[in-house]
Each structure stands twice: as C-alpha cells, then as structure tokens.
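A short worksheet on the structure shown next.
Naming follows writing order (A, B, C, D, E and F), and every chain is counted from residue 1.
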Amino acid sequence: MYGFEAISHYNGWTMAIAGALIVMSGLTILSFVISQLHRVAGLFEKRPEEPPPEDVPETPAKSFGFPLDDLQEAAAQCSLEAAALGEPFEIKALFEVLKNRGWPAPHLTIRTFRERGILVPAEDGLFSWKK
Amino acid sequence: MYGFEAISHYNGWTMAIAGALIVMSGLTILSFVISQLHRVAGLFEKRPEEPPPEDVPETPAKSFGFPLDDLQEAAAQCSLEAAALGEPFEIKALFEVLKNRGWPAPHLTIRTFRERGILVPAEDGLFSWKK
Amino acid sequence: MYGFEAISHYNGWTMAIAGALIVMSGLTILSFVISQLHRVAGLFEKRPEEPPPEDVPETPAKSFGFPLDDLQEAAAQCSLEAAALGEPFEIKALFEVLKNRGWPAPHLTIRTFRERGILVPAEDGLFSWKK
Amino acid sequence: MTLLLQFLSNTGYFLADYRHIVMILVGCTFIFLSIAKKYEPLLLLPIGFGIIVGNVPFFKGFGLGIYEPNSVLHYLYFGVTSGLYPSIVFLGLGAMTDFSSLLATPKLMILGAAAQMGIYFTLLSALALGFLPREAGAIAIIGGADGPTSIFLTAKLAPHLIGPVAIAAYSYMALIPIIQPPIMRLLTSKEERRIRMPETREVSRKEQLIFPVVGVILCCFLAPASIPLLGPFFFGNLMKVSGVVDRLAQTARSAIIDTATIFLGFTVGASTQADVFLTPKSVGIFFLGAIAFSIATASGVLFAKIMNLFLKQKINPLLGAAGVSAVPGSAREVHLTGLKADPTNYLLMHGMACNASGVIGSALCAGILWSFLL
Amino acid sequence: MTLLLQFLSNTGYFLADYRHIVMILVGCTFIFLSIAKKYEPLLLLPIGFGIIVGNVPFFKGFGLGIYEPNSVLHYLYFGVTSGLYPSIVFLGLGAMTDFSSLLATPKLMILGAAAQMGIYFTLLSALALGFLPREAGAIAIIGGADGPTSIFLTAKLAPHLIGPVAIAAYSYMALIPIIQPPIMRLLTSKEERRIRMPETREVSRKEQLIFPVVGVILCCFLAPASIPLLGPFFFGNLMKVSGVVDRLAQTARSAIIDTATIFLGFTVGASTQADVFLTPKSVGIFFLGAIAFSIATASGVLFAKIMNLFLKQKINPLLGAAGVSAVPGSAREVHLTGLKADPTNYLLMHGMACNASGVIGSALCAGILWSFLL
Amino acid sequence: MTLLLQFLSNTGYFLADYRHIVMILVGCTFIFLSIAKKYEPLLLLPIGFGIIVGNVPFFKGFGLGIYEPNSVLHYLYFGVTSGLYPSIVFLGLGAMTDFSSLLATPKLMILGAAAQMGIYFTLLSALALGFLPREAGAIAIIGGADGPTSIFLTAKLAPHLIGPVAIAAYSYMALIPIIQPPIMRLLTSKEERRIRMPETREVSRKEQLIFPVVGVILCCFLAPASIPLLGPFFFGNLMKVSGVVDRLAQTARSAIIDTATIFLGFTVGASTQADVFLTPKSVGIFFLGAIAFSIATASGVLFAKIMNLFLKQKINPLLGAAGVSAVPGSAREVHLTGLKADPTNYLLMHGMACNASGVIGSALCAGILWSFLL
C-alpha cells in the first residue's frame, strides 16, 4: 500500500497529529514549570541553611589561627574523611573530598596543614599525612 | 592413536604446512603493501589540505593581534566547542578540544584569552569563561 | 507461625548460636594469624633480596655520573620499558613505569635524561624521547 | 590438499562480491570524513571502522558474524539491540549537559518541541512510500537528529533497520553544516536574523538541582516509554549538578560514556553487512532522512516566527534550527548564521539551550512513537 | 482519536495512585538528604533517583519495568540479582582499604566479629515476627551495616526483598550519627570512653602483602559461600598493596567501582516499584533494621568491655561500635564520642581498623547464613 | 547441632585434599613471582590470586564454583568462554601499540610470521602425543606467545583446556628471560649478533592512518576467523593514530583494557579448579608449551638467517626471536643479547616492530587453526 491510502490505513494522520500535540504540550508544561522554578527554589532560600555562605569570609580567619591542638584534631578527622584516597594523595583530591564533605574552608585548612607540617610532601608531587 | 599415525590420521601434516604457508604469505603481502604505503600516502600529499602546516608559523601573529571584538567572537565559538567540558575546566582539556576541532593555534588563542581576561582562573587551578 | 515457636521450628536458635560461634572463631583465628605475621614476614627478611634498599642512597651518585654512552643505552632500555605509554607522555607516568619495573633510581635517571637532552619537552607539559 | 582449497574457498578474497567492496568504501569514506573533516569523529570513526569489519566476507554458520549467536560481535551488539548502549550514553550525556541557559530562558524549550515536527512529517512520508508502520516510526525518528535515540527506537520497533537508520542519522548529523544554513537563510529575513537575545540571568544552584527531578517526573509521566532514555539522562544531570557525587559524575562522563560510544559505534557499523544493508529500503531511508532533517530545521525556524507573533520579547528565529538536537553542531550553525547577519550577535548559549531541549524532545517522541506502534 | 485516548490512558498521570506519589516523595527525600545533609551521597543519591524512575507508573507488559524481561532496567538490574555488582564493589573496596592499622592491632579484629551479633539477634526477631527463614536471613544481614553485602545475600535468599532490605540498610547507615552515639554513651562510663589506645606500630610491606592471601584462605575455607564477596575484596587489596599493578588497582578503585555503584544504586532504587514495595513486610523490615543496627552497636561495645576484663592493655569500648562496618561513618562517630569525653583522645585510626574488620565479619556472616538457609 | 556439623562438613578445611593445597601453592608462587620478580605482574598477579580463590574447596551444587551456572564467577568467566575479554584486550592493545618502527622497516614483518612456526610444530607434536585435533590446536597456539590469543582460541576449540593453556602460556611468557637467550646464542655467531640495523626513517601520519585500515582488510580477508582479535586490534590502533578521538583511545587503553585484564586474569586463574586442572593432560600441555616457545624462538632466528642469504642489507638474526609476540619481554631480551655482543648496538625499536608483527601473526594463526579445526 502506498500514498495517502497507506497513511490512512495505518492511522498515520492520528499518530502524527497526536504525537505532535503530545510532545508540544509536554515541553510547554515543562517550560512553564521551569519558569516557576526560581519561585520554588526561593521558598527554600529562607531556611536556616543559608547562613553558611555568609560564614565563609569569617571561617578563614578562624581556621587559620586555630591552635595546634585543634589543628591535630582537625587533621585526624580530615584524614579519616580522606581515608579512601589512600596515601600518598594529590592535594587536589583531598580538597575535593573536604569540599564535598562540607568542611568550612578547605583551601585554608589544607594550607595550614602544610605550614604546620601535618601534611608532608611525598614523591611525585603527592602528599601524605605526618605519622 | 599416537605418533605419526595420529598426525596423518588427523591431517596434521596438511594443516601444519598449509597453516605455515598461509600466515607466511599473509604477512609477506602485508609487508609488501606497507612498503608501498608511503607512495599511496604521497598521492594524498598533493591535495590542498597540506597548506595548513605552513600556515602554522603565520597564524600566531594573526591570532595574537586580533582586536577585542574578534576575540570575543572567537571566545564565544570556543566556549561552544568546549561546552562538553562543563565549567570550570582544565586548560589542558580546552587545548585538546580546540586542537581536535582544528583550531589554528590553540596555544596562542588560549594565552590571549587569559591575557585579555576572557578566561578567568577558578579554584583548584581550573579555569572558566568570564560571564 | 510466630514467636518462639517459629524460632524453634525453623532452627533459629541453632542458626544464631552456630553462626555467632563461627564468625567469632573465624575472626579470632585470623586475628591470631595476623598477630604472627610479622614473624613470618621476618623469615623473608633474611633473604639476599634485602640489599637493594641499602643500595638506594648509593645509586644516585652512580646513575648521576654515568657517561653519555651508558646513558643512551639506559635511555634505549628505558624507552622500551615505557613503550606502552606512547609519545608524548607525562613524566609522572614514565616515573611510575620505571619504578614498577624496578629501576634503581627513577627520579635521578629521569632528571639526568632531561639535563642531557635525551628527554625533550613536547607540548602541554608532556615529554618525548629525542629521536 | 582439500583442506587448503577449502580454506581458500572460505577466505574473504574468494567470497567477496561487489557489495562488500561498496560497503568497505563507504566505511573508508566515513573514516576519511571523521579524520580529515573532523565531522562527528567520536561516532563516524567507530562506525566507519565497524562497517569495514562487518563487511569482511566470511563463511556463515561459523560463529563469526554479528548476526550469528555466540559470536563476539553478537555479544557486543547486544548492547545495541537491547537498548543498553543508548541508555548508558544518555547517562553520560546528562552528566555533561549544562542546563543553566535553558533554565534562564524557559521559552526556548518550546523550540525543542517544534523541531520534532520533522519526525511526524517523515512518519507520514515513510508510510506513503510503503514502509510498514513500525519501520516508518523508526525512520521518522531520524528527524530527531539524535543518534542514540534513533538507535534505541529502531532496536525496539524495527531491529532489522538499525544499520541504515543509524548510518543515515549520523551521516546527516555530520552534514549539518551543509544542510541547515540554506534552510535558515531561506526562511528568515536579515532583520529576523539580527534579533538579539537578552543576556541570560544567573541560575541558582537550587533551580539546577530541582530541574532534573521535575524534568524526569513530568516527561516520564507523560510518555513512560521514554524512561530508558530520559531516566538515565536526568540521573546523570543530577549527579553532575549535585556536587556531592563528583567521582560518579566524572566516571559517567568519561569511562562509561566512552566505553558505550566505542562499542555502540563499532557494532552499529558492523551490523551493516552488505547483504542486509544494500537493499532498496536503505535508499528510501536515506532519502527520507534528508527530508526529516530539512523539515525539522524548517519547522523549528517557522515555529519561532509564529511565537514571535505573540511575544513581546522576540526570539531570533534561527534558534528554531537549534531545536534539532545534533549537539552541538546545530547550535554552532545557528551562531555562525547569526554572525553573518550581525557580527556582534552571539546566539551560542541560546542555541545550546535549544539543543538541550531538542534532546529531551526527541527522546519524548521516541517514547510516544514506541507507545503508538508497539 | 482512540489512539490519543489510549495513549492518555497509558500515561503516568492517568495510572498514578497515591502509592506512586508516596514513593516519589521518598525518593525526593533520599536525594534531599544526600545533597543537603551529605548523608552517604554516593548511594543515597542514585537510590533516590532510582526510586523516582522506578515509580513512574507505566502500562505493564510493554517491556519498560524493571521486573519485565527485555527492559533496559531489567538488564541493568541483572547485576544486582546475580550478585555481580556487590562482588565488583568489593573488588574496588579492597583496592581502597588500608589494613595497616588493623595489622598493627590484630585484637581489634575480634570487635568486627562481635558487632555481627546484631545479625543473629535480628534473625531470631524476624523469625519471631513470622518471616520465613530465608526472608529472616536477608533481613538479619541488615545488622551487618554493609550495603553490598546485604544486597548480595538478599539476592541469593529472598530476591523479592532486595528493595526494602537495601533501602533499610542504606537508610540506617545514613542515620549512623543519630543511632550510635546514645547507645555508646548509655553503655560506657566516662572513664571507659577516656581509655587511650597506644600508637599503632609501623607495619612492614611484607605483612601487608601476606595479609590478603592469608585472609582469603582462612575466611573462604571457613565459609566458602563468602567467596563472591571476600575473593574480590582481598584480590583488590592485594592489587593495591603489591605496587606492581598500580594501573589495575587504580582502575578498580575508580572506573570499576564507580560504574558498579552507579548502576547498583540506580537499579536498587528502581526496584522499589510501589506495588512490590509498599507492603506490611517492608514496615517489618524497617522496624527490624533499626533493631539490628542498635544491637550491633551495643554488642560491639559490650564485647569490648568483656575483653577488657581479660586484657592488660585495655581497649576503649567505644571502638566496639565501629565494628559494624558502615565505612567510615561509624569510625567517625566513635572518634567524635571519644573526643567529647577527652578532647585529646584520637580513636580514628583504630576505629577504621574495626571498620575494616567489620566488613570482613559481615561478609563472613553472609556466607554463613547463605549456607544455613539454602 | 546437625546444622553446625553439616556446616563444618562443608567448610574448606573439611573438604580440602592435597590437590587444593598444591594449587594454592601454585597460586602463591605466581603471586610471589609477580611481586618479587616483577614477571608480567599485570597477568600473573590476577591469575595467581584467581588460582587461590578457585581452589578454595566448596560444596558443589551450591552456586559458588566457576563451572556452576548462576555463580558470580561463572558470569565473570563468560567473558573468557565467549571470547569477549580477549577481543577487548586486543582493542586496548591496539590503542597502545605504536606501529611506526614496523612501518619504517616492513621486512621485519616477515619475522613475525616466521616465529609462528613453533605453533605448527607443536600442533604436530600434540597430535603425536595423542591429543585430539582440537586440543592439539589449542595447545599449539601457546607457541604464539600471546596470552589473549591463546585464551581466545582455546575457548573456541577446547574450552576444557582454558586453564592449563592459559597458565602455560603466561608461565612461559614470564620465563622469556630464561628461555630465549640460550637459544639465541646457540643459533647465531657473534658476528651475526653484531649486525647493526639502520636507523628507522620518519613515518608520515598518513601511513600510520592507512595502516590499520589496510591491515584489517588484508588480514581478515585472508583469515576471517581472526576478525574477533584483529578487528578490535586495528580499530584501537586507528583510534590512537587518528588524533580525533583521543578520549576514546585514552579510555580504551586505560579503563577498558584494565577492566578486561583484571577479570580475564582472575577468572582464568579461578578456572583451574584442582579437579579439572591437575590431570595428566596438563602435564602434557606444559611440556608442549616449553617446546612451542623454544621452536618459535628458534624458527624466528633461523628464518632471519635464511632471509640474510637473499638480502643486501642484512637483518640481525636475533630479531627473529622478537617475532614471538610476548610484548615487550622478547624485544628486551633481543636487545640485551645484542648489547652483550656489541655494547653500542641498539635493537630495541626493531625488536618492538617484530613484536607488533608477532601479535598480528599469532592472531592470524588462531584464525587459521580455528578454520581448520571447527
């Protein structure tokens, strides 16, 4: 069968029109919902979760100055978090882990560790914890 | 069955000789064809595709000096090509993309982008496009 | 069936007690064997394999000063070992290969190669062998 | 001696006929285009080499061919016929796609739907040319301009057409720079091509996090048959934007998608065995594929013009052409065509948004067609 | 027209009932916890998204659902039902785990066994609640606090419970910071919590090399049914410590384990189709799971106190709580609880040693229960 | 109580007999060689650990053993029996192999064929020793000195011999430094060992691009049965040299080949269950394997000497020994033996060229033997 006859016989017109309508309405709805997303997202904004971002400028100072005892505790926790990396590891990988785990100021923490000799350079530009 | 009897019974001699002949002739032919490859490759050499290599020394100067407007166009195209990298990305990954896509002087292009502040450093030694 | 009746009917008590006993005894044995491991390991220590570690401090000097001829031989072998890396390659990858293959002082060897121009920089911070 | 003769009579040299040569030349052409012209090399190169390997003539019944059970190629091809490779590729694509421009300009999403009209027009054309309904559905999806989607739907509706449909889809995707610009110029005035799009706003992380969840629910509730594509797609995207599973997202957009791409391309290529590929149907499919792409481009552009009748903030109608996924080829063409009309008009990011929408649109259409036809 | 109506009657919007909504909300909660609270995101996020995808209502018999043969989800789920994903995850875990603290303090290994008592207590409880023996075994293993082990054993003993058991296991693992500290404080005096552990000695490379070989032999000879978990686990560890196959170890702990984790989480989530998941049994399983975790924690702590009666060099009993694997969550809780009693007491490394031992212990228990119940 | 007794009677401790102990010691030896001697660690270590795991005694019928359907090991072993792992390994090998030295000195390719004579000699010997033809074919391929090729052909011709053939092949490959040098010195004069090879010319990128295409066509047309090995091999090489699909080539030569190597080695090792492995046949296979390697080395060297009778530019006959693939062990031995005769003679690159040719040669032979014997 060929031509319009085939199209009609196999429901072609219905399929084409219905299909076009469905995909069009589907993406239109999605488009509408997306356009409202910032409102939904806005609802969450008011939650107490927000403060942390404001904290960020503060934390450096704090974590930068922490006394050696605290530092070692931080290092111990930190090495626990990062245990999956094995040793030695790349600084960048450590940074990623800390960031993902929600550590306040990973960059500064790591810098402090290095300055205090808690994180010691190993071969190949890798680092390991001081034992 | 053992010994020569077994070999004869199972067509051993034929298999061994035929097999040896086939692999030997196969690799000999391949060896011959390979030895002629540089001629075949030579045929393609005459095509207009060749010029680019000569261009290379030229392009730097050109791409180095392009005015800021052109630069932003280039940056826009460039960021399109590299969209799959996400942001931020490694400079090296960007370089690979541009090289593979056939950009004329990827190294210089990237350097220029950085000098003009189109490519800005993000955390961890990564970079992103200036918004 | 419920309660103690069900537990008894399905052999619950036996399973629980036997299971607990088995896992406990298994890990206790393993714990005991582990506690003796340093003795077993100690047996191997006496083997002639040990000297190499003592060599390490020596090797640098040696490999550092080796004359150019030896160097090229070393480079040739080295490039063989590292053939699977393709070219250009990262210095770090080369280092890994040499270390795994048991080269005496991979770091110094590589440094020497670079100083003597046997290992030449390619694009992107990669290196390749001087042809 | 008979052994040697028998061996020789089973070599490719003895068994080859002109059709194998034709297909091997096609394979070489694909490889040439992918290397010399850099047309979609990630797919054309594996497909091209696969075509060559699949068209080495061999003695049937030996367990070598891709259509013989127990052959290595058959096992690898299972990822195609089962739909696994397309799903896995969508997982990786999701972990690569940045939806932020789309989230900033939601109305562009509708263009991704409009460009799917090429699919339905091709469906009608294929039926009219005498293809059976399921075959017509598989051919129509070429108009979605999305390789894995085409392969997935064809595997479900008309597995015997996987080769030609995939080859047609990828060929035309590689030819985007030749097909699209004339159509775009024909359908738009220079004025229209000069319309500027507003700068996209900053999108908050929360919007990006909610989008894949809302997207999968809305789309898959509408067309559950698109789950195998859109489920992994939005999953990959959530992994990407969540920021808490970076190692998984990284593996999804490297080792996982690369592996699926290699075997998908290679086996799709190898499935084009001359005797099943060189048929009049394949000619019809290539003809219809060209129509599908053209109509898709045109319908995207025209729909944008229609939308402009109602919108205060006009859309540059070229963006309609980027609604055919074909990531990121069509966005680039739109951008370049826009630049020719106004060298300071940057349509790239908006084009990418339409691309992303087009991927969702064609996956939805695959689900719809599958529902209609199975 | 009928076509359109028929399509609409097969959409999720039409087919959905309250149970789908409930499950989708559960999925969203998992995603929220994984992103906002960072609770075990590597598993909760894939599972959460999988729950959403698995609970899009669809017309059965179409080849879409995870329980229908030939669906993509079904093929991916095969890695769960066959036990392949858990085995592969253990390969990667082995290539990640550092046994040196355990080798330095072998007696801690016994705490990894003690914490498995939760398993056997739960076995009895589940039987008492009317579960069939195999179901009871699958539920009991939740007390091992080890996701892949739980999934593996459940796939072997009671495949219809994979969803609830896995969800329960991962939920409670995510809730470790809430479940464990009160139990630890209740069962120990402040004096005990202040016990310091000696510095661990340096462990020689040879000990590290011999351990995986000796470990696999001793454990698998004792419970051959734990081969599928402990074989790959110790193999991965040997690759790690050997230093001669670094590229393999590296791939095992990145691409391989990531791929298995993605598909494991996603399909386990998708297996929670509302109609098979929302049953009274699931409620029982969640109830028993909470008991299992609590008893496991308590038995670890109490056993450490018993050991202290006989040991000259006392063990800090908090470490018993780290014997429930739950890497590395429980080690962290032990450490933090220890710090509260004495801010200079570092229990981290010893906690990790108990964790490693707990992984071996629960894999052994899986082997034992499988032997008993099959 | 019966339960406990029954459990104990199913432990490895109860079921073990001397054969398991023997095999476990073999496994430990493999691990020792791979770590302490660094002999082919990428394969000996996984195989060694696999041998240990495969020889933990267990109760048959439980779904644990590699030969029992539904066991995890069985599913992983499917990649061996189906030929998938060898094919995938060849894909990665292709993406690693640099053919430029071979392209610069094509006549070395013939040495890669000459070194395959060991295969045919072993075929005759195996038949004479009473092996059935297919078994003889599988044993003969050991002479190709190529692990994945041996495993592939054995899986097709005599699956029950996979264990012994693979173990023999890898053992002798590890012993290359002991087997080859005496044979090389015996068959060559010091004069011959001093022959210098000319510097290799620069090979153009175009030659490198055309080679894999021409190579796959010529080789697979000649022996279509070598498609499953040579198809992926040349495909991988094209991906490598094309430069347009670097991310695919990179994944092929890292994650993909590593994964296949891990599971190939581990399951081949585990397939050596004492009761199927410790048979008189295995002894015969090891005996024939040693012959195969020696003859292969000798025939390569002798053929090079014959070629020298006709060539103006003489070939260093040591290079013949590098024609047995065994990448890159044999090239290194050739180089070292050459250095002993003349400390300034560098044969490395030419040896690598012969290696590459030997890989192609033995894959061709596998195809030929498969055709003859199936």
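The rule is short, and it goes like this: a contact is a pair of C-beta atoms (placed from the backbone, for glycine too) under 8 Å apart; a residue touches a chain by one contact, two chains touch by 3 or more.
As the structure is a computational prediction, the values presented were derived from the model and not from experiment.
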Greatest separation from chain E - chain, by CA centre: B
Chain pair repeating C-F, as identified from A-E, A-D or B-F when over half of the contact pairs by residue number coincide: A-E
Contact-richer chain pair [A-E vs A-D]: A-D
Magnitude of the superposing rotation for chain E and chain F (Cα, nearest 5°): 120
Chain E against chain D, contact positions shared by both copies (same if over half, else different): different
Centre distance in Å when chain B and chain D are each reduced to the mean of their C-alpha atoms: 24
Whole-Å gap separating chain B and chain E, where each centre is the average of the chain's CA atoms: 44
Inter-centroid spacing, chain E versus chain D (mean Cα positions, whole Å): 39
Chain A-chain B separation of Cα centroids, rounded to whole Å: 33
Touching two or more other chains - residue numbers and ranges from chain E: 3, 7, 38, 41, 222-223, 243-244, 254-255, 368, 372
Multi-partner residues of chain A (at least 2 other chains): 11, 15, 18, 22, 100
Partner chain D, residues of chain F touching it in the complex: 82-84, 87, 91, 156, 209, 212-213, 216-217, 220-225, 227-228, 231-232, 234-235, 238-239, 242-245, 247-248, 250-252, 254-256, 368, 371-372, 374
Interface residues, chain B side, partner chain D - complex: 11, 14-15, 18, 21-22, 49, 69, 72-73, 76-77, 79-81, 83-84, 86-87, 100-102, 131
Interface residues, chain F side, partner chain E - complex: 3, 7, 10-13, 16, 24, 28, 31, 34-35, 38, 41-42, 45-46, 49-50, 52-53, 56-59, 62-64, 70-73, 75-76, 254-255, 258-259, 261-262, 266, 270
Sites on chain A touched by chain D in the complex: 1-4, 6-7, 10-13, 15-20, 22-24, 26-35, 37-38, 40-41, 44-45, 96, 100
Partner chain B, residues of chain D touching it in the complex: 1, 3-4, 7, 36, 38, 41, 96, 98, 202, 240, 328, 331-332, 335, 339, 343-344, 346, 348, 351-352
